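Going by the order they are written in, the chains are A, B, C and D; count residues from 1 in each one.
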Amino acid sequence: MEYSREELLICAVARMLDGCRNIAVGTASPIPGSAALLVQALSDGAARASILGSNIHNPFNDGGPELFDRAGQGRVDAFFLGGGQIDGEGNINLVSAGPYPQPDTRFPGSFGSGYLYFSVPRVILFREEHSRRVFVDKVDFISAPGWSPPDVHRPGGPYALITSLCIFMYDKERHRFRLDGLLPGATLEEVRDNTGFDFDCPNDIGPVPPPEPERLILIRSRIAGEIAETYPEFSRTRLGWHG
Amino acid sequence: MPVPETYLSSDEIASRIPDGALIGVPKEDGGVSMEITRALIRREARDLRLLTVPVSSIQADMLIGAGCLAEIETSGVSMGEFGYAPSFRRAVENGDIVIRDATCPAIYAELQASEKGTPFMPLRGILGSDILANRPDWKTIENPMAEGHNDPVVVLPAIRPDFGIFHARYGDAYGNVWVGARRECVLLAHASARALVTVEEIWNGNLMEDDRMLAGTVPPIYVDAVAYAPRGAWPLSLPGCYERDSEHLKAYVLAAKSADGFAAYIDRHVFAKKASG
Amino acid sequence: MPVPETYLSSDEIASRIPDGALIGVPKEDGGVSMEITRALIRREARDLRLLTVPVSSIQADMLIGAGCLAEIETSGVSMGEFGYAPSFRRAVENGDIVIRDATCPAIYAELQASEKGTPFMPLRGILGSDILANRPDWKTIENPMAEGHNDPVVVLPAIRPDFGIFHARYGDAYGNVWVGARRECVLLAHASARALVTVEEIWNGNLMEDDRMLAGTVPPIYVDAVAYAPRGAWPLSLPGCYERDSEHLKAYVLAAKSADGFAAYIDRHVFAKKASG
Amino acid sequence: MEYSREELLICAVARMLDGCRNIAVGTASPIPGSAALLVQALSDGAARASILGSNIHNPFNDGGPELFDRAGQGRVDAFFLGGGQIDGEGNINLVSAGPYPQPDTRFPGSFGSGYLYFSVPRVILFREEHSRRVFVDKVDFISAPGWSPPDVHRPGGPYALITSLCIFMYDKERHRFRLDGLLPGATLEEVRDNTGFDFDCPNDIGPVPPPEPERLILIRSRIAGEIAETYPEFSRTRLGWHG
């Protein structure tokens, strides 16, 4: 079965969400949103997707603090974050490049990362641009650290990092990323050349596994329709939705 | 419904906000009073300190571009899918504004402390971040409930805006406003010294006497002044009422990338008599 | 409206509450599920720990009289204008129940800490009281925001009931319940591991999709089970629906003053098939 | 003008509420409620009465925590409390007489007193029964202390004590009650005989001043109707309401 890059990523993310009961997805996240809806559809009621911006796929109703309160209670199992800079220990920077507070480049700000990175067990980092500008040796500003000393209460942290070239998994013991799979067209050499941090790499690194056919069918039918409520353009152009 | 006699205009409300005041505003889908924002720019407000609850978009960006702000406490200012917030980025990069970086639940917690009249609020997370390292007003203590082991936890001070400013779906003749499920507006009203509100529509009756409306109503004990402002959140959305004006927001981002473009935008959409497009 | 298929009976709900569980219930005008209370007595629940949010009347008194409780944390149990709560008074005076005296906002704060997933919550006041002296789980710390002077403040631990139990005005087929402005029920639902709810009436439609109902709705993420129970708060009131049954409450107080009287009351109003009078 | 005991007390309480902007009244408090409504009526919009149990005279709508939150913010200027025991330092006991936790007599509990006594500037104590059983030298259980050491943040505390025999004012500096006026039929001797604590007494102690005639008219007209919403029986039998 043929599949698009987006469909491949939706399935890859869905595998990372295996076993999660409450999956929350923030703004501007059509692929994570589709993956969360896919996991929900497969779970027979056990998993719930919360899509920010959706009126239908949103189990919350109590305003801004609610998502954070639920995460604090351990009721959010997975979330997605980005980063203007990400380093090899999983530190993320959503604030600025260059000296703080008057930087060379100001990013929007940390949003909920300083909290959710601590409280959500599986935080999946999503950052398209795979370059040494983004994947740095050491971030200029820590919006949220990748790991914390043992006395810090921290049920959450990074779980995986998805880029335009590859997927890394995060090793919580060693505080390092490990290359897990290459995306179509990417080579290990290309990943190395464009990554500013050191990472682990198994000898037999291969491609990200293709979508499971039955999941692909589900994506193109039910999920395309569901995600279209929040991301109609994405669903139309990437998932072939005709709604 | 006629506009209640007690209502002010948005410009009269803006004149109640003195230079230097600390103002709190909700996030872009939470009922932003763009009408009061424009009125503040018209009155050439200066040295305001802005607290975004917990993030902002065009509202913060316009206030910065127009030179109204001395300081901003925020978890993020962005135009979302339309790109970065040009005035915000420029002002921070140039050091034209004092920035107090936060993270969303910390801003809620600071307001919740104020809402409860308690001097501080604990919050998990944040430890080891440069957010914390740059906030001397945020402290770290040992969790007093932990026994026999270290358990550091961040505590945040109560923050009480002089004014909470938002746009509500309804207002009535009794001084009540209805924000529905926008709890961040309720929080802002409770936590601020006073709330200044624009309303989309006049409600026929008393919102406090309608069982179904009661839960989403902010009563006059918190509300200092109300103005009638149809499409008062434009070009942002008012949930359940109208969507945001994407074309306009896109055009704003483009315009605001240069000082001239921003000035032209303000001339046309703020200083022109009829503010809504 | 037909009762949704997913709904349980009140007795089925009571069977989900194991002996020894910590249960939280709202104050008497806040939507008390007397129907689940009666079902708990019918199933002869034992060793329950009750948290009243923040006070209670006949609900706590009946559970105590029927021997369901090992412990109670409360800011007050009283039958109001009908007099003292006979079973409560007797049980405390006889040492038959462990009492953890509190004060209203402390119970709210303990639940708010649980709602936020934060380990504790500070609260002004209480210092120098015998409430504090008898609560080893409540600590006193120095306000970390005070600089250069002592400023003791009490901190309260998060308390997470195993079950929050209340009666709501509406329930729908999607698992939502509507409590309107009864924020203590919202708090109880958020703070508890799960909520068990009886509803007065079935709502035609999805409460989460109705803008006006949204603010007063508790969604299924918090609600474990719902039962249909018309007049389920009787003999207490359901705001906006029915008043309390004063004659019945007066008669209860009289009956409950003796063990025989209480037994006769329970026989007639709890164990008899038709629970509502 | 003739007046009832209740009308006299309503006017006495109203004088204590002079200048208050937010006055909250709890359950089973028809006299405080009437006084609060009187002050509201006289204030031309400056004062607000919050009558627990009223649907009309209640500026709050956000559930149980709201009154306490507003008090914590300093937005409640006056409140009313009772007490199973009250002592000469203003300590109040709403919990029990005898040893705690297994006492001789259990009262309902402290309700909000442990907080509101600290946060509301003018707490007016109301306790009909004037006896040595109630007004004791030292309470058996302190629900809330009458005063606190200087390092304790405490904007609130006792302001006055009203009994069936007299009115005491509380001296915050000396932590003692001072007799302020006798109610009709009561004598100083009777007060002394029935009070278990030591109190200050001016040499020229006289009766509680009679109601101001224009206020009396207002009580019988507007206030009787307003309080009748919450306390119809009281308004009918004590204020001559014919609604």
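What we mean here is this: a contact is a pair of C-beta atoms (placed from the backbone, for glycine too) under 8 Å apart; a residue touches a chain by one contact, two chains touch by 3 or more.
In this text, all values refer to a predicted model and were calculated from it rather than measured experimentally.
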| item | value |
| --- | --- |
| Partner chains shared by chain A and chain C (touch criterion as defined above) | B |
| Winner on C-beta contact pairs when C-D is weighed against B-D | C-D |
| Centre-of-Cα separation between chain C and chain B, whole angstrom | 36 |
| Length of the line joining the C-alpha centres of chain A and chain B, rounded to whole Å | 29 |
| Separation of mean Cα positions, chain D and chain B [Å, integer] | 40 |
| Chain C, residues touching no fewer than two other chains | 116-118, 123-124, 143, 151, 153, 181, 183, 186, 214-215 |
| For chain A, residues that touch 2 or more chains besides their own | 61-62, 65, 68-69, 72, 119 |
| Pairwise touch network: line, ring, star, complete, or other | other |
| Chains that touch, pairwise | A-B, A-C, B-C, B-D, C-D |
| Chain A contact footprint on chain B (complex, rising order) | 26-27, 30, 53-55, 74-78, 80-81, 84-85, 88-89, 92-95, 99, 101-106, 108, 112, 123-132, 134, 143, 149-153, 181-184, 186-187 |
| Parts of chain C lying in touch with chain A, wherever the complex brings them together | 114-118, 186, 190, 208-209, 214-215, 217, 219-221 |
| Residues of chain A defined as touching chain B within the complex | 27-28, 61-66, 68-69, 72, 94-96, 100-119, 141-145, 148-149, 151-154 |
| Touching residues on chain D, where the partner in the complex is chain B | 22, 48, 55-56, 59-62, 65, 68-75, 119, 153 |
| Of chain C, residues touching chain B in the complex | 109, 116-124, 139, 141, 143-146, 151, 153, 155, 157, 179-181, 183, 211-216, 239-240 |
